[in-house]
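What follows is a pair of complexes built around subunit A, which joins subunit B in one and subunit C in the other.
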Partner chain A sequence: MEPGFNAKSLALRFLPDLLAVVASFVAAGIFIAVMGFNVLDAYETILFTSFRSVNGFAQTLLKFVPLVLLAFAFTVPLAAGKFNIGGEGQMIVGAIGAAAAGIMLADLPMVILLPLVILAGVLFGAFWGAIPAWLLYQFGINEILTTVLMNFISFGLIDYVATEIWKDPFAGHPTTVPIGAGGELPLLLTSPPLHAGIIIALLVAVAVYIYTDRTSAGYELIATGANPRASRVYGINVRRMFLLSLILGGALAGLAGSIEVAGVHQRLIEGLQSNFLILGIIIGLIARGNNLAVPFVAFFIAVLEVGASAMQRTMMIPGEMVFIVEALILLFVLLSDVVRRR
Partner chain B sequence: MKGVRKSFGPVVALDDVSLQLNTREIHGFLGGNGAGKTTLMNVLYGLYKPDAGEIYLHGKKVEIQSPKDAIKLGIGMVHQHFLQIDSYTVTENIVLGTELRNRPTLNLDQQAQRIVELSQRFGLEVNPRARIEDISMGVRQRVEILKALYRGVEILILDEPTTSLTPQEVDVLFQSLRVMVDEGMSVVFITHKLREVLSVSDRISVLRNGQNAVTVAGAEASEETLVKEMVGAGMDLEKSLIFSESGLGRETLAVGPKAIVQVEKIEVLDNAGQPLIKDCSFQINEQEILGMAGVAGNGQQELAEGLLGIRPIAAGRVLIEGIDISELETSELLALGVTYIPQDRLSDGFLPKASVAQNLLLGYHHQEPFSKNGFLNWPAIFTAARKQISEYDIKTAGPSEIAANLSGGNIQRVMLARAFSRPAKLMVAHNPTRGLDIRSMEFVYSKLLEQKEQGLATLLLSEDLDELMLLSNRIAVMYQGHIMGILDRSRFDKYQLGRMMSGVKIDE
Partner chain C sequence: MNFELQLVDFAKLVMFAIVPYILAAQGTMLGGRTGLFNVAQEGIMLLGASLGFLGAYLTGSMWAGILLALLTGALFGLALAYFTTTLKMNQFVIGLALFFIGLGLSTLFPKIIIGVTLQPPLITTLKGVPIPVLSQIPIIGEIFFNQNWLVYFSILLSIFLYYFMYKTSYGLELRAVGENPKAADSLGVSVSTRRYLTAIVGGMLMALAGAYLPMAYTGTFTEGMVAGRGWIAIALTFFGGWTPHLILLGAFFFAGVEVLALKFQVGGSGVPYQFLLMLPYIATIIVMMFAFRLVRAPAFLGQNYDREKRSL
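Let's turn to the complex of A and B:
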């Protein structure tokens, strides 16, 4: 925030986090060794697959897009002190909205259809986030509970859309027919395919940072999270900030959904939400809610994820190993907070 | 107690402190905020385990591991915040935790009888069958003292017992303490109020920064010597506002002719939607400090929040320079020049996780030059913050330091800097010196007066009558949401104010 960090204080600030990462790799290495695999080879695969080939790097960026958006869907409400655990449902409903726009208006040219598809995802996600937000605003119902429950509704919804409304009769898995060609995100690379969603994600990262750190409205969000009572005493409408933050979270997750539809699948597929919700929360927590740090942590987690599938393919080590590493990083980061406080 | 040492993490709260308590004495125990008074007494009462040091009782070394041990040894403590169950009767609260022989029937007549005896003996009048929620703070305190007496204590520790009492209630309390001492008990009276400790104590000990400063006989002590011991060298008492014998100078007391604030028959609701402030009217001129006295919880908080737009004004109106502001929102009022020093600064005014600069910005984040077209101007914010930090002597590493690292006194300086740094018309200050040491109090007073001389109208809500009588041009008294009357400075009288605080209306 203050212009002119100095390098030393910056290094000191991140030293505990770095130690946490190293410690978690050491701890997970013990598991890998016990399972009878070569630890160094495994870690080499995990860490460097993303950087050894264009394909690996493209894979990493494709993972990065939904991860960073789902992380923001968690950290933006968190800045106001609210917990959005509904990124999954918001992403699914956003994807439904994007697919609906892309299928129903399939004949429109790209200049119109693509923005509509993206916008539909954002609006549907925001709507899905607005329901818990409104329940909180109006009745004071805990948002953790409602956002989680909204996820379950969304599972039923995507199933219905993909098997009843726009079912693709030739697919074995619940899938819709493809969206119109004008709704597809243009490719930055054709082989391997890399869609333009990465640009949207980076713009969002910049926008979130500017919003939370550089605007008066964002200041109100941060102040509300720091002390809602004091914020109210000094003229901030905190209930409105709660409402706004959860709707924004929903919009961000919805955007992730529309990018998956418009960029990756070109249709709605059940299961497109993957485990992005949990990873997004882990990213947000490792970044300690710091929106400037979120993109970097998200990229690191994307590297691990891509490395994990490579490791599974080449070394037959279960990809779930990476979950253990990620969980350990989070535990060690939280532990380093405790140690720092002592 | 000999050589007691206690530290919390890196902070040494008590360092080699010794205290000797005689029988049949009221021992005043004086010290600024954070000097370690309460910590030492918590050690004696078994709540804290000391790192070093010994406790002797009647010449015999004792180990006190818990309050239970302390009570067994005849040591009782009355905390600043009462530990009582609101829906229980006085008797039930007193016997709670003691051995009862008639458990199955819970017939407490015998116990009630004993409480009546005790209360008559020591002049602590209570109705044993009254419910706690129905009785006043003064009576609740008697209940707390009776709790200790009922358990047969010989040493009674009172932690800041006069905070929420009227002057009359304070006098009654002191008489009771005298009776106890005459019957052979010992009383430790913890306080930061000099005048009270001087009026009642046989001997006085002063603690400074967790170390013994001095112990003197009550008769030999004077305000000046005690203050010097409390704050150490470096404070100029000659120029001090708090100890100014003659009061404030004539220029300081001048009041402008123009009315800034007119409050007309306002009504403010409490959390349950009942009118708590009723038919409340007053006026504050420019360059005027209007004091608002009253026992805590008589509507001061609601009045402050009503004026700030945090709570709606249900009826009546408030005019600032002739403009009706009773419908405006807090943010509009802040922009208009109403500033606020909240009583509970940690809960109502402080963002612990945010930086010092972000804290100083709170409430003004939409105003130029800090905000332009919705974007924050951090260089301007930091420049202003640096200026405030030096002007208000806030001890911090810089504007970007996390505010949670600040001490209580420095947090209050942040509140003051924020409230005083913008052009303002009305200042609402609620207990602005609560919990501050003398030096910080002095600072708050000088800032309030400095702003007043520049024309600010101030509503000073306080429970400290000394403070109100020192600073105010007029003092209004609030009782159960009503204004009992407003006294001019020439008519200031502690006991008159005390009568009004307990609900006696006066004609102006």
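Let's turn to the complex of A and C:
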């Protein structure tokens, strides 16, 4: 704990963030009211759907898993000062890897197949992150650009895998045949279904925090981001840190892909990446890259997302409204930093 | 169709497809030359497409749509300049935030205003405006002088921007701000005024680039219809070395790849269409491998300028 820690200073520390959240809800509320909807009902649905039923809470945890992993896929490279906007592609390619392992080795028992499925996702994701990392290392190409372009390439790839290689002929939407039963993540709850991916996500959250904030290897990463020139003088291979950070980011997003395959769908489905990339970046930026804060912000965003779909179902308010709220929270949180600086 | 006709057809389509690349990349170039690196292209283009379509659909006038798109782009440019130049916030972070807001609003507005319809709502698309005499020249006339007015506009704009950036003192000042803001500032060139101006005009060009898609291509707005063109425009800007004339030349390449991929899909080349869809993005990455070695970007690209700071 920091010296002088007490409840009051904690409250003061989070006050600007809280104000930012309130301000974005007010701003979006005006918009919702103008559209002719009941603002209080809408916000009640958004905020409390997750806590009203076991199902709502399970839904929230299921959203939380990819969100927290995609957020880390952004914040870990960000620690080294690199922007990974390619979590979407890395997740998709990770999911392809997981599905490939699960389908080709379908007969293996669970003790072997499940770790293979997860590992394949991690490795494929890391590979997809390694391409922009290498382009940055070798040619100095701006990573924002290449990571994004790799997303678009992955869209074609997943479509090819789901419609040509392992196509499920009975599915209306591009989907592969199911993976072997041994590749499925065990369920913690059966009704509503809640898979064990949440445990993996929490372990990863702890590991990422320890790595970036408590080890010397992680310190090199952060030092690189904070001041590349000084880090180079102190003997850190800065370019290698950039490379490493982007590959790690890819691995984290790939893990999210394999968990979606092994836990949620038991197969590869086009579109499984949802909008997790953008929400992950929003989470990472709201947390200001602080890896201890990321899981908490991710949970909050998961609550909003589950509330958003409930609101769309029951009140016919477009779910995009909540996305605007999330983007506004990000903007206001960033603004609160400017105010604090002065 | 014989080979010659196919070639003319191909060239004509390329001319048609260069517009969004040119407009978005020139917009990026303008901001970048003053050191302001906008990365919200994709979001601004999506919102420009969405509101440009809605404006034209609701009023029945294309100009209303274009005006609405331009205003939106100007607003986003203004926001980018305010957050980065006045508040000194990180350019990439703000750019991403604006990208998200543009993306979200682009689907929200059509849902609220038009809702779900069985038939896609349509606007009349831009027509070819044949240029007298010139359009009568065989082959060349058909390719270059029988296009919609935004094709002519984007090419004339590029020529104008070249003249403006390299032959006028104001253009020189803009370039100085991006290369060495401290030196420019000490000579009485206001860094923030230049950055506000280029960000706003740049945003307008990006939104116009987006509005071109429903107005020239489809006649309607569909989610994600920009399909990475905003990001490719950044690549094009690097490829063109942040100079208007090379961006114009580079646009032919990027548009060419887009049309080629399309032609192969329609023509049935034997290659699975998914790989043809990847072609523009892969080509962009390969081109970047050379562009980043050969050309240079403005020295202060992506960095905020604080006149009270001692060191640059």
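The rule is simple: the second predicted complex is superposed on the first by the 336 of 342 C-alpha atoms of A that agree within 3 Å, B and C clash if a C-alpha of one lies under 4 Å from a C-alpha of the other, contacts with A are read in each partner's own complex, and residues count from 1 in each chain.
We take it that contacts are C-beta pairs under 8 Å (C-beta built on N, C-alpha and C of every residue); 3 or more make two chains touch, one makes a residue touch a chain.
Treat the numbers as computed from the prediction; the structure is a model and nothing was measured.
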Open item on the list: On the A-aligned overlay, A:Phe139 touches which partner chain: subunit B = first, subunit C = second, or both, or neither?
Closed with: second
Open item on the list: Output check: A:Glu320 vs subunit B and subunit C. Expected answer is one of first, second, both, neither. What do you get?
Closed with: second
TODO: Report for A:Ala217: first if it touches subunit B alone, second if subunit C alone, otherwise both or neither.
DONE: first
TODO: Please work out whether A:Val297 is in contact with subunit B alone, subunit C alone, both, or neither, and reply first, second, both or neither.
DONE: neither
Task: subunit B versus subunit C as contact partner of A:Ala230, first or second or both or neither - done: first
Open item on the list: Touch test for A:Leu331: subunit B only (first), subunit C only (second), both, or neither?
Closed with: second
TODO: Using the touch criterion from the header, give the chain among subunit B and subunit C with more contacted residues in subunit A.
DONE: C
Open item on the list: Per the contact definition in the header, classify A:Leu149: touching subunit B only (first), subunit C only (second), both, or neither.
Closed with: second
TODO: Report the residues of subunit A in contact with subunit C in the complex, numbered from low to high.
DONE: 35, 83, 85, 135, 139-142, 144-146, 148-150, 152-153, 155-157, 159-160, 163-164, 278, 281-282, 285, 318, 320-321, 323-324, 326-328, 330-331, 334-335, 337-338
TODO: Show which residues of subunit C lie in contact with subunit A when the two form their complex.
DONE: 39, 83, 87-89, 92-94, 96-97, 100-101, 103-105, 107-108, 111-112, 227-228, 231-232, 234-235, 238, 272, 274-275, 277-278, 281-282, 284-285, 288-289, 292-293
Task: Interface residues, subunit B side, partner subunit A - complex - done: 9, 305, 308-310, 329-334, 340, 342, 347-355, 357-358, 361-363, 365-366, 371, 374-376, 378-379, 382, 398-400
Task: Footprint of subunit B on subunit A - complex, ascending - done: 1-3, 213-220, 222-223, 225-227, 229-236, 342
